[in-house]
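Look at the two complexes coming up: chain A is in both, with chain B in one and chain C in the other.
Here is the complex of A and B:
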């Protein structure tokens, strides 16, 4: 008889957690309340005059009023309100992970969880067989062989169009089509922009942290000369690597649920601090809150240490 | 259903299931943590809310006193209806959810449609002309896999929560009966201990899996819904319904294994649910989950 049939069934039915995940972390006292000034739409941003009106504000009777819910940011005399929640706003140079949704004339449309689909031009990808070659009509006809609908890619933002849509490029060996792995979608505002977004973690797996909130967990980082277009779908990832990846995905999810910034340090901290639990236990709300608060405590301890 | 995955991601999921380790660390027989509350809607006679992973649904039970010519001829004491909110998943936009909703309510109806599921059902017949009809309405607020499992849990929890008004029957003219409210406001509850639960067993590659996520769902072609009613606590459930879902076809040889797994899953679900329902605090009148 089939192994899985005989394997035990595990069910856990309980009452919902008494407070939502971010609030639970706040209650643990491990996170201090931010010192930023928070406003909601209609709040006065500043009562003193002489400021310039930035994004997220408007003037009424000479007073600056917020149009968004978020924190007030000031650069010299320019005042803006940065929204707490928003879709991904791309910046040139960002590493993103996106999914191809459409193949069009000389371009792919890529879903990057931005307001509009991003485009990846055929002329801004590396195709197999040499970096600097002109794209021919044959290449145009073979576009779907390289990337088709549903494929995941890592790319860099090359340009932000006037309408806010992004133009991507993959002209670097580290970018391109992604092979086997786990993708985890988190809110883009939780991703911390860093120098490096490709990490080979010491635990034995790799992550690509897309600025658009798409975290890709893979067995290893690849730098294929062919841009990853030739994939071996027969390859079986070892159980050991797989369990590391499963744990990493659980860690990323729990960090996101508790509104903890996501970058290599927090992911690794969560991975190490969760060692006492099974990877599947990270789905449990109480365990997740416990680990998130340990991570926050650890990061803060390290930050104060650096100050000293 | 609406998530798209690349071929490599699907291969990763299928291999993982074969090895018995899924993307979130669960093994094939593990359910995600499930949250069950009851008494969440003040405007119903009984209600429940069930969450499992991304799935979120709400169930309300309304009792209606029906007058008819001959109540022994009217059979449908329980009426199930399911509504797929367009907010739950893009596939439900417009009339997109109607077919799926009917599939769900049909399965629930079928699982309950026997004498063993709720032996108390005869109590709903008040007189030759009167009976109670219970409308069990389920709204899918968010779609995150394992909908039928959650729907059956929600229905059972809501029926457990349902309080029916005590009434007295009196002789009236022409051999007819009338219904009256007695002195004081009294209610009674149905015994739903053996009400059926449903478990969806999904075939991914050649392995059977319970409680699939959206990503895993796209990797499978066929699933089997197994409904079972636990007649006596601790015993194996009695299968009251099996149904194929997911569009693809199943090999006859593999169906036996799937049913067995479904029976195991229903047994475990039922034990945990009864534990939870017994432990839960009594509801506060007028309180809703919105407050």
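Here is the complex of A and C:
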């Protein structure tokens, strides 16, 4: 039915005044009008029969109905609804950054902003002394010495359990406990899955872009042979490095506020394009919108250049 | 005071079958998984959804599906007189339980075993139909959080004056000892999620009242649908 037929009903999307940032990019024409078909829960996805029911749909009276608010995607006969925004949905091989919330028997529970807490088994971590070290009863008793509640770690998803919880592993020197740095949390749907999620950026700092929406900004990437369990929190990072990290965190936040996908290229582009502003000015809504818009244009221009 | 004037208009100038202006905004609270702010006339509600996340209460965690818990609170300055309300008084708790029941039946809970969904609702300004406005706000916030539901729930509180249905009543109209029917439907269709009746209504007037409530609920659904659609196209990831 047409909205005009409803006399006296009006939809104003005016207040509260905050978080108008996504709309700002809309106005400047940076958001292309892709032909995505958007549905909201309860909408019919397709009326014709012969389709397979995928995630985000259910059938009622032979009709396929959406259960999520998002875009309809079709692969051959399988129809799914991909939510525009949702909690982190883990996949095997994802790099995640999470916080240890519990130490249990032979495992740590890690909060990865997934639907359930993820578990990191004692048998799937690298302990000091090499990969082939056997895990003894003493190790079980010393678990809290390696990782305790509140520690931030980077890990990889090893397995997705049938109930949707994730099993992590840190069997690689690049994974492990994180020491000094800034943790920025953004919606996980904005993170683009790439080949590499650990980046030493040319600007003089490093980022770990967790697929679960945790972005870790650190002075440098470390590969400690002892599994990174020895944090050095006394070490003073130079002011120069700290200001670079602060600018990077501002860039990640402004990209997230404008719903721009977050990966190494966009972060670096935002960092370079923000050079004319002070790092603290990135909190200013007008400056943030300007930079986000410039980033989108730059990446688009590079993409079309590559095509040519 | 009469609810309907001699010319058939209400105190705020609406016709009996006319709902109040709706204005809403989604993703207003960046910390939450989904959030919504809704204004229905002068009633203003803010709602935030957290989850599904690991159940904090082990006893409540079930292998069958997730639990839904609702917290409802009213701001000190929400009504005409400034009032410090205790949290968890009987009336608010009853409303919160009704919200829980309504949304437990709509959310596809079986997908999230051992998990929990928290819904926090704050009434910022109260001008009648608070239960229905809370339900509308929660629906938007849940849809924003990407939680699977069988449809978007919309709710409306209606009354009957001399056999004539009056929809989406405001606080001034609620004062009178008139019957009040709160009806929540799914996706603006006929499926009823929640019905609540206060005071008494004549049997003969009930069917007209129900029909008017259904119609009003489906008009509200169209408003929420438009707001959600617009929000979706704006927040999709660029690049």
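In this section, the second predicted complex is superposed on the first by the 289 of 308 C-alpha atoms of A that agree within 3 Å, B and C clash if a C-alpha of one lies under 4 Å from a C-alpha of the other, contacts with A are read in each partner's own complex, and residues count from 1 in each chain.
Methods note: contacts are C-beta pairs under 8 Å (C-beta built on N, C-alpha and C of every residue); 3 or more make two chains touch, one makes a residue touch a chain.
Just so you know, these numbers come straight off a predicted model, no measurement behind them.
Once the two complexes are overlaid on the shared chain, A:87 sits against chain C while remaining clear of chain B. In the superposition on chain A, no contact is made by A:54 with either chain B or chain C. In the superposition on chain A, contact of A:284 is made with chain B only, not with chain C. Touch criterion met: A:246 reaches chain B, while chain C stays clear of it.
Once chain A of one complex is fitted onto chain A of the other, the partner contacts of A:67 are limited to chain C, with no touch recorded for chain B. By the touch criterion defined above, A:296 lies against chain C but remains apart from chain B after alignment on the C-alpha atoms of chain A. Chain A residues in contact with chain B (one complex) as well as with chain C (other complex) are 1, 3, 7-16. Per the touch definition, chain A reaches chain C in the complex via residues 1, 3, 6-16, 18-19, 22-23, 25-26, 30-31, 34, 36, 38, 40-43, 56, 58, 65, 67-71, 83-87, 111, 115-117, 163-164, 189-190, 192, 258-261, 266, 296, 299-300.
On chain C, the positions that touch chain A within their shared complex are 14-15, 18-19, 21-25, 27-28, 30, 33-34, 37, 39, 51-54, 108, 112-115, 143-152, 186-187, 189, 219, 222-223, 225-230, 232-239.
The touching residues of chain B, counted against chain A in their complex, run 4-9, 11-12, 15-16, 19-37, 51, 53, 153, 207-210, 254, 257-258, 260-261, 264-265, 267-269, 271-273, 275-276, 280.
Residues of chain A that touch chain B in their complex: 1-5, 7-16, 99, 101, 149-152, 177-183, 231, 233, 236-237, 239, 242-243, 245-247, 249-250, 253, 278-285.
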